[in-house]
Amino acid sequence: MARSLRTIDIDELSRHNREDDCWIAVESEVYDITDYMPSHPGGPAIILKNAGKDATATYNEIHVPETIKETLAPGKLVGLLDQAEVVNLPEDQKSDIDQVEEKTNRTMSKDVYAKPELHKIISSKDFEDVAEKTLTPKGWAFYSSAATDLVTLGNNASFYRRIMLRPRVMRDVRKADLTCSILGCHSSAPFFVSPAAMARLAHKDGEVALARGCASEGIIQCISSNAAFPLQSIVEGGVTNQSFFFQLYVNAEREKTTQLLQKARDLGVRAIFVTVDAHVPGKREADERLAADNTMASAISGAKASNDKKGGGMGRLMGQYLDQTLSWHDIPWLKEASRLPIVIKGIQCAADAKKAMEYDCQGILVSNHGGRSLDTAPPSILTLLELHAICPEVFDRMEVLVDGGLTRGSDMLKALALGAKAVGVGRPFLYSLTYGQEGVEHLSQIFKDELETSMRLCGIPDLTQVSPAMVNTRDVDHLVPREEGHPWIKWTPKANL
Amino acid sequence: MARSLRTIDIDELSRHNREDDCWIAVESEVYDITDYMPSHPGGPAIILKNAGKDATATYNEIHVPETIKETLAPGKLVGLLDQAEVVNLPEDQKSDIDQVEEKTNRTMSKDVYAKPELHKIISSKDFEDVAEKTLTPKGWAFYSSAATDLVTLGNNASFYRRIMLRPRVMRDVRKADLTCSILGCHSSAPFFVSPAAMARLAHKDGEVALARGCASEGIIQCISSNAAFPLQSIVEGGVTNQSFFFQLYVNAEREKTTQLLQKARDLGVRAIFVTVDAHVPGKREADERLAADNTMASAISGAKASNDKKGGGMGRLMGQYLDQTLSWHDIPWLKEASRLPIVIKGIQCAADAKKAMEYDCQGILVSNHGGRSLDTAPPSILTLLELHAICPEVFDRMEVLVDGGLTRGSDMLKALALGAKAVGVGRPFLYSLTYGQEGVEHLSQIFKDELETSMRLCGIPDLTQVSPAMVNTRDVDHLVPREEGHPWIKWTPKANL
Amino acid sequence: MARSLRTIDIDELSRHNREDDCWIAVESEVYDITDYMPSHPGGPAIILKNAGKDATATYNEIHVPETIKETLAPGKLVGLLDQAEVVNLPEDQKSDIDQVEEKTNRTMSKDVYAKPELHKIISSKDFEDVAEKTLTPKGWAFYSSAATDLVTLGNNASFYRRIMLRPRVMRDVRKADLTCSILGCHSSAPFFVSPAAMARLAHKDGEVALARGCASEGIIQCISSNAAFPLQSIVEGGVTNQSFFFQLYVNAEREKTTQLLQKARDLGVRAIFVTVDAHVPGKREADERLAADNTMASAISGAKASNDKKGGGMGRLMGQYLDQTLSWHDIPWLKEASRLPIVIKGIQCAADAKKAMEYDCQGILVSNHGGRSLDTAPPSILTLLELHAICPEVFDRMEVLVDGGLTRGSDMLKALALGAKAVGVGRPFLYSLTYGQEGVEHLSQIFKDELETSMRLCGIPDLTQVSPAMVNTRDVDHLVPREEGHPWIKWTPKANL
Amino acid sequence: MARSLRTIDIDELSRHNREDDCWIAVESEVYDITDYMPSHPGGPAIILKNAGKDATATYNEIHVPETIKETLAPGKLVGLLDQAEVVNLPEDQKSDIDQVEEKTNRTMSKDVYAKPELHKIISSKDFEDVAEKTLTPKGWAFYSSAATDLVTLGNNASFYRRIMLRPRVMRDVRKADLTCSILGCHSSAPFFVSPAAMARLAHKDGEVALARGCASEGIIQCISSNAAFPLQSIVEGGVTNQSFFFQLYVNAEREKTTQLLQKARDLGVRAIFVTVDAHVPGKREADERLAADNTMASAISGAKASNDKKGGGMGRLMGQYLDQTLSWHDIPWLKEASRLPIVIKGIQCAADAKKAMEYDCQGILVSNHGGRSLDTAPPSILTLLELHAICPEVFDRMEVLVDGGLTRGSDMLKALALGAKAVGVGRPFLYSLTYGQEGVEHLSQIFKDELETSMRLCGIPDLTQVSPAMVNTRDVDHLVPREEGHPWIKWTPKANL
């Protein structure tokens, strides 16, 4: 294809640098991106900032090369950049991906951080430590950040520490069977990879490496709407008949969502996780802070930049195309469009769990978006307790999943004992990805070993045996009401209009 | 006027340095301040310390030039200081205002603190950090200090972290309407600038910059009795018909208060906030500690300086003219004198909230003076819970406002959910003032964005929808009794005499 | 007297260095201390360690010169030490008193700690900081140490922070009257100096300086049995008719106690505080640790030093003469011997408070010996709450006093609100003594100012107005039972034999 | 015996380095260990790693020389290593034991850690500090480590701090009698040495020094199945008729356990403590981490090393021979095989305590293996409270013992007050062993002194007087249910198969 294209030099490229005439170059190919710009999920500003330039470095941080070809109409490829003029970028203009690779290859050098060999990693926390040291500042900020004062982030984890396990002794535990079924899919263990965006920031193979690791471990990956790779590449990167879930952000342009759901179904995806707790982007200050250091040079319009108090971190940029009007009335449309099981991701109270049940959803994912949406929202394990206390019927009618704050097999056992069918793990798998597919497998094995040990020490041979009697939640029970007909169930705000 | 005045040299000035014959020079004008001295709100000692001297530097820290002219009878201007003798002050005699300006102008230099550009400030806490580094020690001590062991200061903030928001999902939140009415005045958001004294310590335009920022943001400023600028200058510094509230310290000389209230009404002020929790100055040690370093050189009388154990911080000095006999029986006089809505500022328990209701006040400001008055007083959000539990009727009969410890939009939403009509923000706006009017606007916009995000993530389209069901206060509920007729309501100490 | 005595040289002195023939020199006078040694309150070991030596330095740390003359029979003065042979001691053999004085005199030097001028001390904590820096290691260890893990020491203070004051506003508080009566004695404020041993470690005038400070401030001093000065010197060091209390350790030799009580009554002491919580010395590790560094060179007997696991800190040494059989049956004897009001010092539970009431004691001092006796004993303010809940009648029948952990006027107001007639303050007054009498007065004035401010901000004109409704104790209420006939009241261990 | 053996040189030895032909040399004697290898309690991998080598250093870390002779059939000694070829090991190949001795002998040198003289050690914590500084990294990791996040480790200790003692005063406490009977054996104090493996890591005389220290102190040692010395050497290392308990790990090969129990009985052991909370090794990360640094060079089989995610710390290795099918039905066999009192070690809930009672066990040791098995298991003192609340009858039918987290005499008194017959102390005695037998005695004396002091200050003359009324547990009471028939009692997981 490249054969028949004409050569464009830097001068020509640089003249197409306006909102109404915008070219960019990616991997030596020059595209006319004028028409596409307004509907860019990351917003038009970031494109305009690169208008008339070679945008390869910036582009590769977020996307893989095939994405731009998939996204734009073929006629938008207008030529090839004159290679004589492509020069090596100075260090500070290199993409994050390049930087990550260089860092992690330098483990032999004495005066830089020596990334430990994989067999020395023995816990989820070890992977986090490596990630903190090897990711680029932007990557680390994006993954590790959470809303404002990090109260929910901290509580997500600390509440697992406040809940005690109650070991039972003298039980035959020669076997500890971790297998289970999640939304009709077999899994070798009761945990899955929670959706997380832009896995390329951790490893160049991003979500594809995650898929391969999940395949070899027999666990399920829930793919993010904002994955760095196209959905198809990820699904096909795994093995035949591998089970995947797909996380959905509903687009303000509903038709796009319909198309996406059909594509997901066609690719064999097994369930749709509709994210409902991030229709407004949370304020993740570590992420925002890096963005604030790179002021946008050119404003899109002459209008006052009223947006700039809201920050421009990656989390915000990615949230710009979200449909803020999504409501319970849209569930039938989602079911119709996908013909797949629907899981509501982001349930944070009993009243909404009941709503999901009333709308015949197949499942809910109790989640506060890893503490990234609304700070001081309840830790997810506390919400699980609330469902038990106020609307226990939801556990019979839907599969209840939970994520947020789990870093140990013992954390998982607590969630399962309190009724979760399985648990999602997000950040830890992203951090494990700093070692690629092997890291993902290693973390999965660590979790399986920890969970198995916990089950055996609790006298539980398999997951059908879990019970609330296995956990002492009394340190946090006072935070949940027990009364029938509590106002928390009865009250509902009135909608807009 | 200056034309006809005779020139006075330093020698002559220096001879009028006694309690019964006291001149001072301010901005080259020499005043006879003998008669005025005893009624100086800041106490006579600070004047006597400057008797017979050029007091410009000290004066400007607290006041603007017009204040002295407004305050003294015209005949008290006795001459002009001989300019030949006015020399540049050494560094340590420069006023705090001068020092602030120099510090904040040196942002280009590499070896001093580089004040961040405003667009990099993304939270209230960021402003505080800047203030700590750019204010003079005296200014920082005065603003940031609180009573003795800082228990209430800390609890004011931490109790907001202990209360959880309960997000509701799948609600149409395309709009989030922040507008509301406070004491009959329209506001673009449910927060106002709480009164704080001596804003010149943060910026030379002090309260006037605050007024202009509030005008452009459409929010209300409550002006302190101890403002650096005369009330009129502040009100006229804003825009036509701008809404202001006025905070009142009742003067032991009641007539002065009557005059002040009439002036406020004449200037169009919309409500009077009577401070009742600081008739005795709290012990703010950071403030006192700086004062203790500058021992008064000359005692006023030969009597034992019995006062010196009580400290001489700015907070104490400003409190010397306060009427310590103020009681509920004075409410009718205040209403009569002002013919404006009366809000009692400093309510800290249910019993006193009921008192205010019984005396037909239009509102109360639940407040512990930012933790500056009595340490270990309850955090203000806990007092709000107490009103709910013991005397919920007050919310129907008065507007209940609250301040103290709010640094986030999510904090505001919690206070509103618990019945507050609006919230006051004090220190953060003073800290934002280190950037002048623009800083004030920037902070207001940050708060609006945070509040809007919090409302949307809670599924609330406008402020009429708030409800106690939005918050989980169970972590602190045990600190408040639920019983009818609790001793906390029934008990009242007997008055003096 | 010294005239007629013969001169003894170092050689002769050094030959009397055995348990059965023991001389020591103090201030150039040589005493035969053989007979006295076994009954030395501090134990015989410390004397034997100095046998045949000039013990002036060691002696002066604990005692004033007149004590030895008062204690020994006149014939025990055997001669005068040959002055030619008395040499200046090397630095490390100087007494602690010498070292304290040198340190605190060096405030002008730039390279040593500059003790702040007194007017810059604005809180009890400031005095503590000075004491930590100016006392000798031994003095600081003795004063500041507490039992084992310091749990009670910490809780004594932190529980005051957990109890909230409830300010009442709009009350006429032009006056705040601190005067009260304690055990029939007038006091200018509701606090007194709790007994603490060996005040010479802080200042050479020790308890006499305390007495003079109390006199000028109109407050009451409770003198320790282990004072560095003889009781008479202290009482006579004050003013005529000054009120003193006397703290009593009952001696295993009861007759000595009888004599001491008679002496106290003869000197005009107004009440006896019988210490009952330290008949076994607590394990104060900071104190023990210093002692462990100075191993005793000569064992007293050939027997195995089984005692050395129990440590040899000053606290332990002073405890060796205590009567461990003291019981309630001894109260009549104490009353008879003293003919003074009896206060039981060290009550730590409701059951024992009732006992004291049943034995018609005039008062109790709720105290855990400043956290120095049994670690994890309840903080004293919690014990006060327990009395309220389980045996409120004791407040009507006895004066209930409390000490331990009070460092603020607001702490005092809380204790008073919960029923204490007055509060004792120990360590802070010792720390203030680093400035001598003036320091004691300064601290008293700070406390009065803080208490006055707290009263005014709570709307209380005088101490008759205090009420439990002024405090919110709900954060700690769950630690106290409310039930009638609780096992804590009913259970009593059986006595020995 | 050595006389008649042939000399083997290094070359010959090194050829026997395979799983099916494996020789090792220990202390110059060469053994054929091929047949024994699969049943090695520490697993075959560690032997294979030393195959064909002089394994003396590695062997001595864990075992004493006689163990290998006791264990192997006599014919397995195949020759003597040629002494000419035995060279001094480089520093990093020296055994841990050698390193410990060198370190602790260097106390005179100025530039290394100066181990304090024993008389300066005044608390259990002091011993811990010395151990941390003088043990080898491996020894310190093995002793101090606990499961995953150390939550239970921390709670074991902190819950003792949260429980308050309630001193009673004015009781005759001239005597404080610590003697008691534990499982029919007299003890001078209500504490015993809890079993802990591999005491040679602290001192070359290991468990024998512990035995001698216990003998001279009159307390009981519970010997670990994994002791460094053979059981017989330990028992015979003490005094005639000394009381010992024996801790048992049930071997997957039951016959071996039967033989061991008979041996124990023959040696005069007085009771068997069957460990039931560590049939699956806990994940002790400090221990694992050191192991992960020493990757096994040769894998045992060609199979995937699926085990390596489970770590290879000493704790794991020692756990490889454990019987994971052990259940309540095996109790009769254990009684029959031992004909000794059976104590179930590792009870962590009321339901299992009742089980032990139903199976007529003589006692239970409430324990969570020092926080080393399952993290977030309840602290052991909380489990004791649970027994009180849910099944108080167990205290009448069995002796209830408790260990975990006790470091003070006051901790002991609390456990006794809550019904424990005696308490076990593990790590502190291992740490005291850094001073050998004398250290053990010193620690025992410290504990006795602390306990005696605590008893006296609580007014208790002997241990028959203890009562729950002596402790205030209300800070943790909410963590335990009070209801009859609570699910915690009723629920039991179903067994495997």
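Some points to look at:
Each chain gets a letter, A, B, C and D, in the order it is written, and its residues are counted from 1.
We adopt the following convention: a contact is a pair of C-beta atoms (placed from the backbone, for glycine too) under 8 Å apart; a residue touches a chain by one contact, two chains touch by 3 or more.
Only a predicted model underlies this, so the values are computations on that prediction, with no experimental measurement involved.
Common partners of chain B and chain C, by the touch rule above, are absent. Between chain A and chain C, the least number of touching-chain steps is 2. Put simply, the chain farthest from chain A by mean CA position is C.
Of all residue numbers used where chain A meets chain D, under half belong to both copies. The two sides are thus made of different residues.
Fitting chain C to chain D on Cα positions gives a rotation angle of 90°, stated in steps of 5. As a whole-number value, the distance joining the C-alpha centres of chain A and chain B reads 45 Å.
In terms of their C-alpha centroids, the spacing between chain B and chain D amounts to 64 Å.
For chain D, the set of residues that touch two or more other chains comprises 478. Contact annotation for chain pairs lists A-B, A-D, B-C, C-D, with touch applied as defined. Within the complex, the chain C residues that touch chain D are 148-149, 151, 276-277, 279-283, 285, 288-289, 292-293, 295, 306, 308-311, 324-328, 330, 344, 346-349, 351-352, 355, 368, 373-378, 478-481, 487-488, 490-497. Those residues of chain B lying in contact with chain A across their complex are 119-120, 122-123, 160-161, 163-175, 408, 410, 414, 442, 445-446, 448-450, 453-454, 456-461, 465, 467-470, 472, 474-475, 478.
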